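Structure in structure tokens, see below.
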Amino acid sequence: MDDLPKIIAFACNWCSYAGADLAGVSRIQYPPSTRVIRVMCSGRVSPMFILEALRAGADGVLVTGCHPGDCHYLSGNEKAVHNIELARSLLALLGIEPERLRLEWISAAEGARFAQVVKEFTEQIRQLGANKLQAAGDRQP
Amino acid sequence: MRQARDRAEETDESPRIGVFVCHCGHNIAGYLDVPALVESARALPGVVWAGDSLFTCSDAGLAEIRAAIVQHRLNRVVVASCTPRTHEPLFQAACEEAGLNRYLFELVNIRDQCSWVHMNDRELATAKARDLIRMGVARAALLEPLSETELPVQPEAAIIGGGMAGLTAALSLARRGFAVTLIEREPELGGILRHLDKLYPTMVDARELVARRVAEVREQANIEVLTSATVQAVKGYIGHYELTVRSRQFGLEMDLPVRAGVIIVATGAQEFKPFGLFGYGDDPRVLTQQELERLLAESNLQSPISNLVMIQCVGARDETHPYCGRICCLTAMKNAMRLKQQNPQTEVYLLYRDIEVHGTHFEDYYAQARDLGVIFTRYTPDAPPQVADGRVLVYDELLGMRLSIPYDLLVLSTPLVPAAGVHELARLLKVPVDEHGFFLEAHVKLRPLDFATDGIYLCGSAHWPAHLDEAISQALGAAARATTILSREQVRSSGAVARVEESLCRGCERCAQACEFGAIEFVELERAGVLLYRSGPSLSQKIARVNPVLCKGCGACAVVCPTGALQASHFTSRQVTTMIQAAMGH
Amino acid sequence: MNFQPIIQKTRAYLCLDCGKCTASCPLARVDLDYSPRRIVERVIYGEAEAVMADPHLWMCMTCGLCSARCPSHVDFTRFIVEMRAEAFRHGERGIYAHNGILQEVMRIQTLNVHQNRTRWLAADMEVADRGDYFYFVGCLPFFDVIFADLGVQALEIARSAVRLLNRIGIAPIVSNEERCCGADLLLGGDVDSFQRLAELNLETIQASGAKKVIFTCAECYNAFKNDYPAFVGPLPFELMHLTELLAPKVEAGELRFAPLPGLVTYHDPCRLGRYLKVYEPPRTLLHGVPELILVEMEDNRERAMCCGSTAWVNCSGCSKLIQREKLRQARETGARLMLTTCPKCQIHLSCAARDLDDEQAVEVEDVISWVGQAIEPQARTENDG
Amino acid sequence: MKEVLVLGGGIAGIQAALDLAEQGVRVHLVERAPSLGGRMAQLDKTFPTNDCSTCILSPKMVDCARHPNIVLHTCSELQAVAGEAGAFQVRVLQHPRYVDEERCTGCGECALKCPRKVPDAFNLGLSQRRAIYLYFPQAVPLVMTIDPAQCTYLLRGKCGLCRQVCPAGAIDFEQQDRELTLEVGAIIVATGYDFYDPTPLSQYGYRRYPNVITALEFERLISASGPTGGHLRRPSDGRPARRIGFVQCTGSRHVRHNRYCSTVCCVHSTKEAVLAWEHDPETRSYIFYTDLRGSGKGFREYMDRAAREYQVTFVHGRVAQIVEEDDHNPVIKYEEAATSRPQRMTVDLAVLATSLVPARDAPRVAEILGIELDEFGFVRVDPFAPTDTSRPGVLACGCCLGPADIPQSVAQASAAAARAAEWVLG
């Protein structure tokens, strides 16, 4: 990792992606570590996406969605909790630090919070060091 | 995952992608190396044209896009500028004007989520933007042209419940020229008002008012009234529901089919009967407010009554019904005042916890009651009133003393509770009820009259105990919500909805369980091959079908589907994983 | 490109167009467009590209019924696997079940991981870091996470396995460095990942000094026995399924069980059965359990019907129909419990059973975890450790 | 003619406009402020679900702006109404933004450069904005506005920096008032409400004591997008406020101020107390009430939960007076119900739950529309057609009818839309 980690971030269209936009409108600066993928709902984020990201070499995966009760699709964020838990257990088994995966609720009004979460997570990943999966074996089958 | 997942490469010739990088004046160009971004974009697979413009969203910028689509035969367009939340529709429209399906457009956000938040590191910010554009282009290559299905709308409404709310909604829709079927369980229309005396705060006669409404409904040619009628079955979805209504007409019972584009639920609520509390059910001197009111209405109250005690919050704000009944304080005051007016000698005590008379006109009403000499006594749940041989014992916290009040009549104010049969109706309509059995709306704040299921609406005390003016507002409101559907010939779906690869479907129903919008149904499908097995049950097989009009495109079904039969169009697994790979530079 | 090598290797050119394969194929019975013979013929007649793009290539369950019955000994399953490898190189993929989570888990294991896959070990279990016996657990720890909703408790197999081994005086090696056997990736056409996993497993087992590798998963066992040598050369250790190790002990009366009253039937996994010809040991084990009555399905042993899905690709309505038929056969024996020796058969059949009403429902368990509940306390014999 | 005028771009106006537009009615949505959103845009979260206000409001605002049947007239006011139900002629005065709505991308470069700092009205003066500004970050339309009372160029012809830096060339100092005439079949009044200014209640020391604030000021302070980024700091010294007293019925249920009950304050204060606890579990809140009112759906359970789980204490007793201790700590004086004795409680911050009162220009609007107001100055409606005003074809909804919570306003808005549609389509 050229010191700055690379983080794949999933953001739900209705709350968190709007929150990320608000950080921009408010010109709140944060490290350029994230690559945001917009999904309609955090409940769309399959554990497979998370594993794929880490296998592809991402140093961290951030999943963001509406606060509990705010989900535009009523219960998508509850589904996200379940999916993330599943992914976490798999990471634990595979010996990949579960701290590389983070789930956060960020509302459309929480621009500062989005920036803060990215700052913290980036720092946390820096402490963990680079994703070492690629060190042995070939990259993509 | 080619054959099922990637229609684009089959339905469409190979991708010819055009990339437009926006300067947004200084906002992007000031912090990112735009020329470098254009260069790297040009080198990406599938990209046949890349350029930049000062403001891509300006008329000039949009014209450039339209021109490029034609000139370079682009079949995918990627714009790298600001946020899709505000600008996607604008660019999609431009694509459509140039003959490109709007779902073949991808917007990459390099302003709000890049140039504006990394103003002090041009190099890294540019590197990020480069990745974001690579991701956008990779996704664009897999985007599929999607079509937005349309379903015809039956311009008729079915309204369940013939109380004040149902009547009001029916009249509003009828005045707009829509046919209405009004379904009432009782032999008569009118609901709870038929049993009331006067209405607070106007003191208008309840039965006269409701009789007038019923007459108006009866006069309306395009309202069909079914009394002694209950819903037996509900089929269909927004646009065309089919209800089976069992109705007793002229002594004979029959099942009638009712077709409707929308359904309004106005089934009201009923007064809680507090058996076993304060001697209710055993002692004839113990009544509920509604029972008292009926006596007042039919003016056969055994006068003279010298002492009458009312107790508020009986069976409310406790473990049985944790909520506040909303209308009980006003009901009690109304009846208390009627008694005072009939006979000023009558002592009326009103034992309350909190006087619930919110809003502008009710506070004065409360003042009137005190003027007329109604005695208000505040009790707390830790020292609740008790009854013993014709007396009510209560500790008045504010007086700081224990009172012992004799009574000829003890009137219990109990909360409204859901009407009987609510759960059965909810099951038939596939809509939720809350923990108390009141119907649960789509969103507590902004969609109080809608169900999450499109085409079904809600009003009156079926939703929550309501004052009459509230019930009327909600009824008119529900009618307006219904009209947004009834007034159009078709309902249109988004193209970005779930779709089913039928050959893969196992009919396990996990998708339907994950869907909050009832958008997935199952059809029995014959499979010729199966005949070669003797096994009976496998002769036909359940297959999922998505109703694109009901689907909201959240993609939850695609995550739980074990076989990959359910796919979230426009956010397919392949599109997402390709973006992940692109982000990592693969 | 040239498909001759595949045709040669699998004797496909000998196909007599007799159609016996199609008539035997469980898939062909529910998907009338499917015919093993036609796939072979299309490749021989130069339509290989079309075949590679055809979903049917990924639908074959490689159950081997056709190969077993082919009068010309055409190795159809091998043919399919080789074709998939080619298709994979062409960027084709089967449709991954469960969002492709399992493929991810398998491929991640080709990389630089140090897993924590032995947390299921309990205090009462004796295991070793070095020794003669290596217990190859396989994907069980992952199954318990991914298929929690099916109520499958795959790790019970592993726990029972260790307890049974301990019971006959063996403290097996259980290793965190073990990788997925890779069979499902090979069957999905991903040869490179399979190769890598084979190498890593070989390393690990050799390093442990084990002379015997014990399996509870028919698929892992078969991968080692029939596929590994072609990729990593002859294996320097012996391989056996746990039932093969235990059966003689039962016959010798050295391993006894408490009664498990009830009617059960046994499902021969394609791998352990037709591929490895291990039919009797599991049955011997079950006969050794008092009051447990084993009844056979009409299609058993070499005739046994497949569990309907393989390699976590192209699971479909067809799979479901095959599984229903399988469960119907089980139900017809009168048993409500079906035991097997492949955790994946258990998962696939449990998944199908989940949607059946009581009339048709059958519970599916593993032989090892089932008898594991009835291990008799140590009868002191000389080979106690 | 299928056109309707909606006055007011708050949640009620937005809902009414959308319901009509979806029925094929062309709607002119007139809003005085530079953006849609109204009061709801100033709220952090909404009871009883603690839904983020912006999250649920923004999509509705955007829908409005995008809807082909809705014409937005921001910075605009009603001037005159003639004609009758089915055929009104309406004159609307549009004030200049001095920014070209077509060109401006809302990027905010200008505001970064503008030298003139002034109190931000949207944040109730708790923070500063520039003379050229975005009304709030999610404003719809997303367009800058120049405040003519503050812009040095408009006042003295100096500066003009914004015009120099604007990459879109959107600044236009030449803009003038525009008057438009509209032909509409019906009019919906959704002009909302104002908050009672508690300064006259001198016993509460509002404005005299820095740590006595109003509920709406509290709302901005605790809002993530507010002046303090959601950190609850006392105005006097910026210290976190951990002990908070909520003073209910400030100006309400009072014969000399507003006789009526403002309906939402009990739950609103509860919500603010809950939010304060969520920000800092050390927080202890005390809500001083006369009657604790919350009979809306889920409200009572919400209050009970607040008491159970969020360290919110409900104290029966109307606050008599607030004095100040050293360190600017407000001291709340009340009667302790149990003992009927006077009591004092020292807090870090006192929050006045001020009455909801008719919008300042309600009388003017009513006069132009020729509709009656009730004795409190709210729009008078027919109790059995609760959105019909005294003038046929003129409907009303939301808090211009009197205090109401959001779902009530939304339901009324749909009702008004139904009645309006009867006039233009019926």
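All chains are identified by letter, namely A, B, C and D, in their written order; residue positions are counted from 1 within each chain.
One rule holds for everything that comes next: a residue touches a chain if its C-beta (ideal position, glycine included) is under 8 Å from a C-beta of that chain, and two chains touch if they have at least 3 such contacts.
Please read these numbers as outputs of a predicted model, since none were measured by experiment.
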Chain closest to the middle, measuring from C-alpha centroids that were averaged per chain: B
Chain pair with the higher count of C-beta pairs in contact (B-C, A-C): B-C
Distance from the mean Cα position of chain D to that of chain A, given in whole angstrom: 35
Distance from chain D to chain C - Cα centre to Cα centre, in angstrom: 66
Whole-Å separation of chain centres (CA-atom averages), chain B against chain C: 49
Junction residues of chain C, two or more chains touched: 99-100
Shared-contact residues (touching 2 or more other chains) in chain B: 85, 558-559, 573
For chain A, residues contacting two or more additional chains: 18, 25, 27, 46, 48, 52
Pairwise chain contacts under the document criterion: A-B, A-C, A-D, B-C, B-D
Touch list for chain A against partner chain D, complex: 14-15, 18, 22, 25-27, 66-67, 69-70, 107-113
For the chain D and chain A complex, residues of the former touching the latter: 44, 49-56, 58-59, 108, 112, 134, 137-138, 223-225, 229-230
Residues of chain A that touch chain C when the two form their complex: 46-48, 51-52, 54-55, 86, 89-90, 92-96, 132-138, 141
Chain C residues touching chain A - in the complex, by the definition given at the top: 99-101, 104-105, 107-117, 141-142, 145-146, 176, 185, 190, 192-193, 196
Interface residues, chain B side, partner chain C - complex: 1-5, 501-509, 527-530, 532-533, 535, 537-538, 541, 543, 558-559, 562-565, 573
